[in-house]
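Working notes for the structure below.
Going in written order, the chains are labelled A, B, C, D, E and F, and every chain counts its residues from 1.
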Amino acid sequence: MSLAHNPIVPSVPFDEDGKHHGYLRLPYSRNDSAWGSVMIPITVIKNGHGPTALLTGGNHGDEYEGPIALQALCHELETEDVTGRVIIVPFMNHPAFLAGTRVSPLDNGNLNRLFPGRPDGTPTEKIADYFIRTLVPMADIVLDFHSGGKTLEFVPFAAAHVLDDAEHQTRCVAAMMAFNAPYSMTLREIDAVGMFDTSVEGLGKTFISTEIYGGGTASARSARIARKGTVNTLKHAGILKGEPDMAPSMAIDTTPAGCYHFAELTGMMEPLLDLGETVSEGDALMRIWLTTITGEPPLTVRSKRDGILAGRHFPGLVKLGDCLAVVASPVEA
Amino acid sequence: MSLAHNPIVPSVPFDEDGKHHGYLRLPYSRNDSAWGSVMIPITVIKNGHGPTALLTGGNHGDEYEGPIALQALCHELETEDVTGRVIIVPFMNHPAFLAGTRVSPLDNGNLNRLFPGRPDGTPTEKIADYFIRTLVPMADIVLDFHSGGKTLEFVPFAAAHVLDDAEHQTRCVAAMMAFNAPYSMTLREIDAVGMFDTSVEGLGKTFISTEIYGGGTASARSARIARKGTVNTLKHAGILKGEPDMAPSMAIDTTPAGCYHFAELTGMMEPLLDLGETVSEGDALMRIWLTTITGEPPLTVRSKRDGILAGRHFPGLVKLGDCLAVVASPVEA
Amino acid sequence: MSLAHNPIVPSVPFDEDGKHHGYLRLPYSRNDSAWGSVMIPITVIKNGHGPTALLTGGNHGDEYEGPIALQALCHELETEDVTGRVIIVPFMNHPAFLAGTRVSPLDNGNLNRLFPGRPDGTPTEKIADYFIRTLVPMADIVLDFHSGGKTLEFVPFAAAHVLDDAEHQTRCVAAMMAFNAPYSMTLREIDAVGMFDTSVEGLGKTFISTEIYGGGTASARSARIARKGTVNTLKHAGILKGEPDMAPSMAIDTTPAGCYHFAELTGMMEPLLDLGETVSEGDALMRIWLTTITGEPPLTVRSKRDGILAGRHFPGLVKLGDCLAVVASPVEA
Amino acid sequence: MSLAHNPIVPSVPFDEDGKHHGYLRLPYSRNDSAWGSVMIPITVIKNGHGPTALLTGGNHGDEYEGPIALQALCHELETEDVTGRVIIVPFMNHPAFLAGTRVSPLDNGNLNRLFPGRPDGTPTEKIADYFIRTLVPMADIVLDFHSGGKTLEFVPFAAAHVLDDAEHQTRCVAAMMAFNAPYSMTLREIDAVGMFDTSVEGLGKTFISTEIYGGGTASARSARIARKGTVNTLKHAGILKGEPDMAPSMAIDTTPAGCYHFAELTGMMEPLLDLGETVSEGDALMRIWLTTITGEPPLTVRSKRDGILAGRHFPGLVKLGDCLAVVASPVEA
Amino acid sequence: MSLAHNPIVPSVPFDEDGKHHGYLRLPYSRNDSAWGSVMIPITVIKNGHGPTALLTGGNHGDEYEGPIALQALCHELETEDVTGRVIIVPFMNHPAFLAGTRVSPLDNGNLNRLFPGRPDGTPTEKIADYFIRTLVPMADIVLDFHSGGKTLEFVPFAAAHVLDDAEHQTRCVAAMMAFNAPYSMTLREIDAVGMFDTSVEGLGKTFISTEIYGGGTASARSARIARKGTVNTLKHAGILKGEPDMAPSMAIDTTPAGCYHFAELTGMMEPLLDLGETVSEGDALMRIWLTTITGEPPLTVRSKRDGILAGRHFPGLVKLGDCLAVVASPVEA
Amino acid sequence: MSLAHNPIVPSVPFDEDGKHHGYLRLPYSRNDSAWGSVMIPITVIKNGHGPTALLTGGNHGDEYEGPIALQALCHELETEDVTGRVIIVPFMNHPAFLAGTRVSPLDNGNLNRLFPGRPDGTPTEKIADYFIRTLVPMADIVLDFHSGGKTLEFVPFAAAHVLDDAEHQTRCVAAMMAFNAPYSMTLREIDAVGMFDTSVEGLGKTFISTEIYGGGTASARSARIARKGTVNTLKHAGILKGEPDMAPSMAIDTTPAGCYHFAELTGMMEPLLDLGETVSEGDALMRIWLTTITGEPPLTVRSKRDGILAGRHFPGLVKLGDCLAVVASPVEA
């Protein structure tokens, strides 16, 4: 880890009882403001001794369930409700969130591929570094919200990772189960380089993440899943009182070979199956039509395995190389 | 109507029996192609004598149900299936469709606000003019597909207009009922200037249009509605054999005062109700949260009337002045 | 004037006593909001019978003295202070104002060259039309604020026009004198086509405008001139009680031949004289240095007449054809 | 320091008596010129033996006092005036200067945060490296001009740094005093990483810098300060004959806590104080008004300390996180 | 023709003997210069009584033979060489020329489709109007240079139009023959709306135009053709002394059906024939290869007629609808 | 070399007999496709045992001779024609090729300055790394096609490098001679850092490259040179049967001092000499004319040496610092 100094300055105290709203201020010199700053809103609620939860949304700037649940929590949660501490950052990559884009408009940075970050790097790398070096070390449990964003859509699930340390994995899976999304996933991340997950787990913290629909919007249904999961997680951690509100959750797995289907043609997508529907190997998932000529046959994309449609490309147009469909396997309990 | 010559040249015959695929070629001189063209794909299928249907999609470039249903029809419909003629233009505003945007990237033209067009105007105005002056006059019935696009989402409905000529209105309503979307709407357009609808109806043609979900994507469900409606409409017109496949359709109305709700704050939308759900006057429809500060209360948007949520803003971020919600009235049969 | 309907809808009453804040809502369909709107803030303060003043800022979007004085007035002025009515629009070309640019980012429209506007034109033309057709007819006196904007800077003056109708001109000059800027100008506009001034005067209204420094900023000094002038004007109109606060004002004239100096070279400006300083014909006003080579002599720009430096180019770089300097003649009382 | 070769080639001799104008040519391959170059103008004037001064402007591309003073010097200074050598680079970050922007349009590089640079880095890093590796080692004294640029404005001051080596600091302070700007500052740089200052001082050179107003323009007054300071500095260094032309200079300090004031709201700035005016702790410095609604109260920004207003935000609009005001302390002699 | 006043002001006299260089100044208010101007360089050379030639280049901004020949002429031609008057505008659409683009970056205007222009229109329309209303009426003969620009390439030819008035046509053809390009063309323009040609001929003037290679460059060979043709034309008009320098010229015709070949596929062009080569109906002109997949067969474009390859698409990539090839017919003398 | 894993996945087998078309898939997460990919087309043709040739085009995205020759080869070459293996990548920097630009639109990466690349770098660096780490090691001989691109034009030549290992150099020169372009060059690369050449040669492979005209287009003539050279090279390597088709080739050298001529003025180029013509020291190569004023003399660019014009700037406009001309020396056999 670099010895350089991270220039981010918080305007809230982390060790004082009470509820504090403020900013993580990152100086950012640019043509339209020589001495400007990136200002990432943050709320810290602390009440006596107890565990610390770090709750994050907006890791990608076009995913809304986490920001909704967390911004509501900042407003609604009161000091006296808490035992310990809750640190809430609803919009981690705030420049991306304000732009409504996955990556930062400042430096094209995909925050969740830049961890553990650099204190003297790009603005997005500085944000990553501040979380890993300053905020995560304060936490016992970290909940990071994701959805499909503007270009993907998923069945709503919470996820924990297969980890080398069994006790660590058990902690994470228990928290993920407590979140209680309609779907649950315990997975071994294949390409974990640069992810928040990997850096947080590397510090031994209990970590859970989610995917809750997508398309660059939220619905009443998806927002409710995020809000319930947040409260459940805080109850599970002992920070809020009471028991998690539990409902059935379907365990799925997206790591077997053949789950992912990529586009070999640029064109217009005609979905033949909707999220959550079951599919058998060889079934048509969608058709891709050319868009500059009529009368030509479409390319039919067929499932490479049995399962349920757990994720799909969202925009109506498809580009060569896009991920079109994720076919997940139901997991026996 | 201008006396100037519209420069669009079709590469397909309109009066020849058989199935022909080709282009409407619009010369378009520009920096990257001095003698370039806009090429709008078109299919004409003709078989003997009978009525002519003009089927159009892509009037707005980010709406996919029409293009899917029509591009499939171009491929699948055979000459012998037809009595009369079907003219299919799946991507009317082809430059906008290729860009995945509502309006044309060539001239920022919103095609459905530029009818009846101009033969010597912008590229989008020339397209409008060609439809009104050349294609629509050939047709007996015109079906124009719309969905909510990238920024809106609607319950799926077909629509016909209240018209001064009762016989004309009766024809349109009958066709709209035959389309048989899950919802149906007979409405008096309030601001009809520049719309395809108005120009087509002005020529006395039977005209129906649709809104079928949105968000800049299609689903298996929404594509099926469009495909079934297309076939039903052609059957109703006597161009395809057989009877329309009918299911219940709920009549709704969005013209009473108070249906439309506009944003008085820029921020993040938290929907509290999903499409099709019922709402009473004063109920909270959604909340708008600030995005640059935590801890502030949201603005709650309340319904100005009883009804069902028939349309809503789609993107997770809301800008001052956006249409947030359309609350429709169910109509007694 | 076009017979078309202007789609702008106000959310405030014009004829109700009291103080009302709201919007002029202009529907504006676009890629990022199919049913979006331009929302121009407006305040109406009415108290019984009396004259109506229309106060406008932000005609150009990068000029700040008017918006500051008027936004403060919206907040501070109370119903009981007023006799008659004050209609305040601090940011006429609101899209340009939000962008910090002279012209609108929506349509590149320079509002002050598009009057009397068109109800069915571009967004900027619709705004112009709404003022001329709806707001100006309600007014007895109109005060429109200008400054130099990001690319010009002027000595602070109020202006009235030489008009064909002597009584009309007398009213305007009296109001301009009451504004009491440090400089005063009575001028015959040379190229008046499209200006708000011309359209307002064409309706017989008392009209004054200003130029108060510039450079895309405001200072404490410039803001005070605008605030004092606003109050003075309302007192002069009999809407506020009391007498205008008067100080000496220097009369100047920029209409004689040779006042304007344009750049015949692209380069870097070295000013040799500051605003308000006196100059004789042939004196060096500034030098223009090349920026891609060292060692070359500069082009010296010399005054074509005696006078004071009343306006100048602001940015450090100069482009061929830019207005570099305005040398005004002091006017004998 | 990297062992790679810096590709910049000068077209002027550094060791030949006489006055030479030319370029630092940096090869820059790009879409619009596969074998193109960045060409940074440079003048070298040498006459016998004596000290070398390196004079630089345009470190930030939107600051004009240095470029004006130095471009004039390139033209006006003759070999026989000099004892020793003067190396003049009026536009260090030439691509930024030509664009009129703080940072380079080629790579978004803020030159003054990229020292000591990299010979195999981005174009801006290569420029930084060339100065540190080639030009600065030739110099005894380095004068680097800054102003506030398009987004800031400062009272005019020259600055020297508090340095670990007392003799070194004494040399720098003496040079800074000789420059004789209206204000003078001896400061400990807080965040010195990447600055030209730090790298030059690290080589043991006498170094002074300036801030002379700003706003992206120059005035006759500000240009005169820069021109006089340049000549004074060269006299102080013994390169020009004669004594510096001295006038009173006020010593100020901006390093105590509370000097800097950052925006906690996006909106429109209403300055209540102008540059150089005195202020007491708690006094209102400016107000920030909302720009999307009328009638709301402004946010008043109050001084966190006693002092004089030494710097301020320049553009009329303010963004969350912008530096609004610098309140400096007068320093007792 | 509009009654409005064209705001363009020339800085050169048209009726004074001698050689004058200056500008056509068109006021152009914009964000980066509120009182800026477009400055179109112009040279007028007059000597006593005699005919007037108007010589124009840069009608399209990416064509260089005319600008080279005319800029050289402005420098080299002396008053005493002339009998009568020569008006030279090397860069008609100066904003486009500076940008190196076919159409104007100010308003996307294709000057040669906007004649006769509008005095109160866009900047490009104002330029068109000024030529038709002010410059062309002064002329007896007009020579307008064109080349293929960045996206087309032609064999070098001069052209005159088939006109209704036989005497008028004879004059034009004689001038075109005197220009003496390697190829010559007498054609009936098919889509003449908006062209300079049509407006100039409508005023009864002798008019010739050219196409001389293209690709956005000039060669020594192409520049020589333009320079010789200019001098020949002025000799033919009696303005320069001496006889035109004549060489063989091949007459060709591009108006028969089948001359133009448009792309029905987007991809990469493989030319099979070069400019000036002969071709028979059915011969392969080029192949279009897909660019997102290997192994697929190309689309072969075959000539629709016998002739010579007189024009072709220039860039290596081809877009659907681009003009690929012009196959001209040799014309019997 | 980094130990990180390169994420590129090929969809074709390298060790299986037969002809396979597919993609190198590089995952590329971005705003418009969260799980998108760059898809670089590749063809592998293998038949038994024998040498491997790696043939590459599109290293720069605006050069077409290589892509044409190689895309044709992918289609036309059959397994049975081959002894050994041919790996063909017609469009190495596929994003740049699709955009028609020298460097990648994804990251502004100039592929041929980024070798040996980085597996965890930018997309362009990942592509470079995959070639050096995976494809080049499979090859015995590598042929990399270049042309001048949109901004340069060269006489057609093949090139080999002067290498430290005589046997290695002999192999490369022999292959280059077998390619048999009209011109041949054996050169010591001066600034070889980052080039494909250097990395390939560093692995001991036989390497040849080319320059074959340019300007962002191809001609029938230039495409034939590339196609013949490709076949000749494969014959030379023993992969295709038969002898190379040989014609005279002129040896030239561009490494002596004075070959390169750079622009010291921005303006319009008037070429006085065409490619391949001979020139003596002091001869005028071209003239540069100003473009914002008429009547000024041009800057004449004179040759610094005797030789032939082997390369030149292509676009009609010239910018300060552009390479204008390359004057090569003929080499005695």
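Before moving on, here are some points about what is shown:
By our rule, a contact is a pair of C-beta atoms (placed from the backbone, for glycine too) under 8 Å apart; a residue touches a chain by one contact, two chains touch by 3 or more.
Treat the numbers as computed from the prediction; the structure is a model and nothing was measured.
Shared contacts of chain B and chain E, meaning chains that touch the two of them, come down to A, C.
With centres defined by CA atoms alone, the chain at the far end from chain A is E.
Repeating the B-C interface, with the same residue numbers in over half of the contact pairs, is the pair B-E out of C-F, B-E or C-D.
Of the two chain pairs shown, D-F and C-D, the one joined by more C-beta contacts is C-D. Ranked by distance of CA centroids from chain C, the top chain is F. Distance between chain E and chain F, defined via averaged C-alpha coordinates, is recorded as 35 Å. Here the CA centre of chain B is 58 Å from the CA centre of chain D. Centre-to-centre separation between chain A and chain C, using Cα means, comes to 49 Å. Each of the following residues of chain E touches two or more other chains: 39, 62, 292, 315, 320.
Pairwise chain contacts present here: A-B, A-D, A-E, A-F, B-C, B-D, B-E, C-D, C-E, C-F, D-F, E-F [touch as defined]. Here chain B touches chain C in the complex through residues 60, 62, 101-103, 110, 113, 148-152, 191, 193, 262, 264, 315, 319-323, going by the rule given at the top.
Within the complex formed with chain B, the chain A residues making contact are 19, 21, 39, 41-43, 62-64, 67-68, 71-72, 74-75, 88, 90-91, 97-98, 100, 153, 215-221, 223, 268-274, 277, 287, 289-298, 314-317.
On the side of chain D, the complex with chain F involves touching residues 4, 7, 23, 25, 27-39, 120. Contact residues on chain B toward chain D in their complex (touch as defined above): 266, 292, 320.
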